[in-house]
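Both complexes below contain chain A, partnered by chain B and then by chain C.
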Partner chain A sequence: MDPYEIEFIGENRIVSIIPNFSYDKIYLICGEFGPFRAGLPMNVPLWLAVMLKQKQKCRIVAPDWMEVDNLENIKEEEKRSRFFTKMPNEHYMVEAKLILGAASEDIPNASEIKTIIKDIWDIRMSKLRTSMDALMKSGGSYGRLDHLTMMEINSVKPLLPAAMDELLRIQMMSKKTTPATLNSSTFSQSGTSQNT
Partner chain B sequence: MDEEQLDLSGEEEEITADVVLKTIQTSWQNERLSPEILPHRNDMVECMLGQIQHMERNINKLPKTDLRTSIHKMELSRIKYIICNYLKTRLEKIEQNCIIIINDEKQRIESGTNYLTPLEYRYAQEHLLNIEHHLKQTILNQVPGNMQVFEINKMSTVPNLQSHVFLKANETVHGIVLEDHFGDQDEEIDLEEGSQHILQYKFIADLVKNGKVQLI
Partner chain C sequence: MANNYLSISDILVSNEKVPCRFLHDLPKLGFLDPSCTEEDLKAGTSVEIPLWLAESLSSRRPPLVAVDLPKVYKETYREIFNADACTVDLHKLAQYFFELGCYVAKYDIKGEVATTLVNTFRQRFKMILSASVSTDSINALQPLSSSERDRTASAMASEKALSTWLKRGDSLLTTANMVANHRKRKRAEMEML
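== the complex of A and B ==
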């Protein structure tokens, strides 16, 4: 899938906004939202938050996890751990990109947060590359990837699955040929050339 | 506009619009990521199309400057994108593997477990006829008589079910056997709820179809 499609899926996440207008509840297909009360926080899907923000109809409230100390901790934890740590949000990158892109003035320490999130992403991507390398070298055809977010997984497509497909094909070809050569050498002594 | 409960014709239970939307989105994601064509969810698509029409009629009644108009329109465009992309992905697969899909589908229709909608099935058959016609016209009719046969089986391409896919388990499933191709080193794994894996599609094809895992 294209990264913009992952972003599209991430846009369904619920975030909190503070509207600057009042309005009744709105009944969308994906659920009902509102009522909108000027100055009072409320929840809406991310796509709607960004849209209202672009129309200058709201401020976006920074999600709980989007906070410098918290992110520093996550970053340290990510550095310390051999494995991938659980991210505060399945679409952290999408959410950060969209919120910081559309409403960086609403988020305290926006530029600092941007840098830390980018660092976390880089640490995780380098870990991902290392584990992919290990997986390929061990000739594995199965891997477990807990806590990787969709965007991260998508970034190694099609490379990883394609490489694994290719490896499997090679293994199947070499296994197909090895027994045959073994057979011919053992059977040549006894004079039969039966292939099983 | 507060039409929340939808009635699915032919089914007893009522199902809310957002559940229908979620189901369509999941099916879309699975369809995009699986190598083979999956059972259709035409019931959900039809239901959503009805809902969209209903919504569009209501939007037309709103004044153009109403904020709600643009919000609803935005949501409808998002949903339409998913539905279009879902149906297009299926058609692409049908075009790509139409021979094997038609053959498999013939058996599935007999057992009443068809994957294609009647329209998709017709599309597949017409597509195959068009290919045959085209090849006959451009090549086969020009070559010597003994080469003129349209060898359908040699034309057939199949999806690679051994390709590796990423998945997330929606519920815990025990004892997925990762077969070794020569049967000597079968491995068995459990998929715990919420865990994510990469493995060959064929081992979990059934779990995708019954919704126990989700491709990612």
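== the complex of A and C ==
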């Protein structure tokens, strides 16, 4: 799965904006969004917010979790704990990238927030890698991966299940230690029928 | 084995040679042993034959050959793998190490090949992880076996996609794989030609 597909899924989240124009209700496929009144905050999906911002028709309000103190706490929590901590929302990376990319002047302390979120991302990714390695070394049967966001899961998507499948296959095949099983006798039969 | 009959990699794996000892005299089959001078193959000669031949010959009743373990799965190499599996260059030694090991493990009396396979797999997983994020891909891929290389290649591709997404903001719209491979699209292309 591409990161862009996950961005697409993450763009559906609701954020709050302050439009600077007035308009009636709009009826979209995903739902209706209330009458736009200049100066009054309202909730719209993230993709709509970014589009309006790029046309300079609104101001994006920072989501609740995007403040320096909150993020510092989360970072400390992440550093201390061995497992993954609960992130403020499922697509924090997507939201952060889009909002900070399009509307960094609307968010207070945007550059600090960018650094902190990048730090949290790095800590989680390295924790993910070490825990993957520990998983393979120890038992390889199951591992605890709660509170992982979709983006992080996607980064290990091809590798981890394939490796575990291979491990399972090696373990299953090498358990059959009797040389004359049903499989090999049919194998030899089909071999001879091919020759004639 | 049933689901691997048509898989190309499985065909390549079963083409690998394994040493076998013939248990009976076989008249007129002396040509199988390149160092033999007579026409008949004596009992007890040790020949390297491909795995698919060895499997069918050894599973008849009474068995015509007794399969020995190839060099890579014997005692000395097992010690090396148990000590440190990451320093071995599997590409030079045995390209299809894990798959061949699955087949060969059945003939091992002591059953240690299985544990060695699993242990080497686990230890080398770390190598795959580091190879997927490294920039020097050619050197990193060099000592890996064929199946490990596939896994590393897919991990590298997903890492690259992630880092491009993190750097760039937008992307060009590209057709999805599902759409490009759809039969209707291909038919339309062929009609245009």
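One rule holds in what follows: the second predicted complex is superposed on the first by the 173 of 196 C-alpha atoms of A that agree within 3 Å, B and C clash if a C-alpha of one lies under 4 Å from a C-alpha of the other, contacts with A are read in each partner's own complex, and residues count from 1 in each chain.
Keep in mind that, in the parts below, a residue touches a chain if its C-beta (ideal position, glycine included) is under 8 Å from a C-beta of that chain, and two chains touch if they have at least 3 such contacts.
None of the values given here were measured: they were computed from a predicted structure.
Colleague: Would you sort A:Pro161 into first (chain B), second (chain C), both or neither based on which partner it touches?
Modeller: Touch partner of A:Pro161: chain B, not chain C.
Colleague: Go through the superposed model and pick first if A:Leu145 touches only chain B, second if only chain C, both, or neither.
Modeller: First partner only, chain B.
Colleague: Touch test for A:Phe8: chain B only (first), chain C only (second), both, or neither?
Modeller: Only chain B is touched by A:Phe8; chain C is not.
Colleague: Once chain A of both complexes is superposed, is A:Gly101 in touch with chain B (first), chain C (second), both, or neither?
Modeller: A:Gly101: touches chain C, not chain B.
Colleague: Where does A:Cys30 make contact in the superposed view: on chain B (first), on chain C (second), on both, or on neither?
Modeller: first
Colleague: With both complexes overlaid on chain A, does A:Leu48 touch chain B (first), chain C (second), both or neither?
Modeller: In the superposition, A:Leu48 contacts chain B only.
Colleague: Where does A:Leu40 make contact in the superposed view: on chain B (first), on chain C (second), on both, or on neither?
Modeller: Touch partners of A:Leu40: none, neither chain B nor chain C.
Colleague: Examine A:Val68 and indicate which partner it touches, taking first as chain B and second as chain C; both and neither are also allowed.
Modeller: neither
Colleague: Based on the superposed arrangement, let me know which partner A:Ile170 touches: chain B (first), chain C (second), both, or neither?
Modeller: Once the two structures are laid over each other on A, A:Ile170 reaches chain C alone.
Colleague: Taking the contacts chain A makes with chain B in one complex and with chain C in the other, which residues are shared?
Modeller: Common interface on chain A, chain B vs chain C: 157, 171, 175.
Colleague: Can you check the complex and tell me which residues of chain C touch chain A?
Modeller: Interface residues on chain C, with respect to chain A: 1-2, 52, 55-56, 58-61, 98, 101-103, 105-108, 111, 113-114, 117-118, 121-123, 125-126, 128-129, 132, 147, 151, 154-155, 157-159, 161-162, 164-166, 169, 171.
Colleague: Quick check on the complex: what are the chain A residues that touch chain C?
Modeller: 2-4, 7, 97, 101, 129, 132-133, 136-137, 140, 151, 154-159, 162-163, 166-167, 169-171, 173-180, 183-185, 187-188, 191-192
Colleague: For chain B, which residues are in contact with chain A within the complex?
Modeller: Residue list for chain B touching chain A: 1-4, 17-18, 21, 25, 29, 32-33, 48, 51-52, 55, 67-68, 70-72, 74-76, 78-79, 81, 160, 162-166, 178, 181-182, 187, 189, 194-200, 216.
Colleague: Taking the complex as given, what residues does chain A use to touch chain B?
Modeller: 1, 5, 8-9, 11-12, 21, 23, 26-32, 47-48, 51, 55, 57, 141-148, 150, 153, 157, 160-161, 164-165, 168, 171-172, 175
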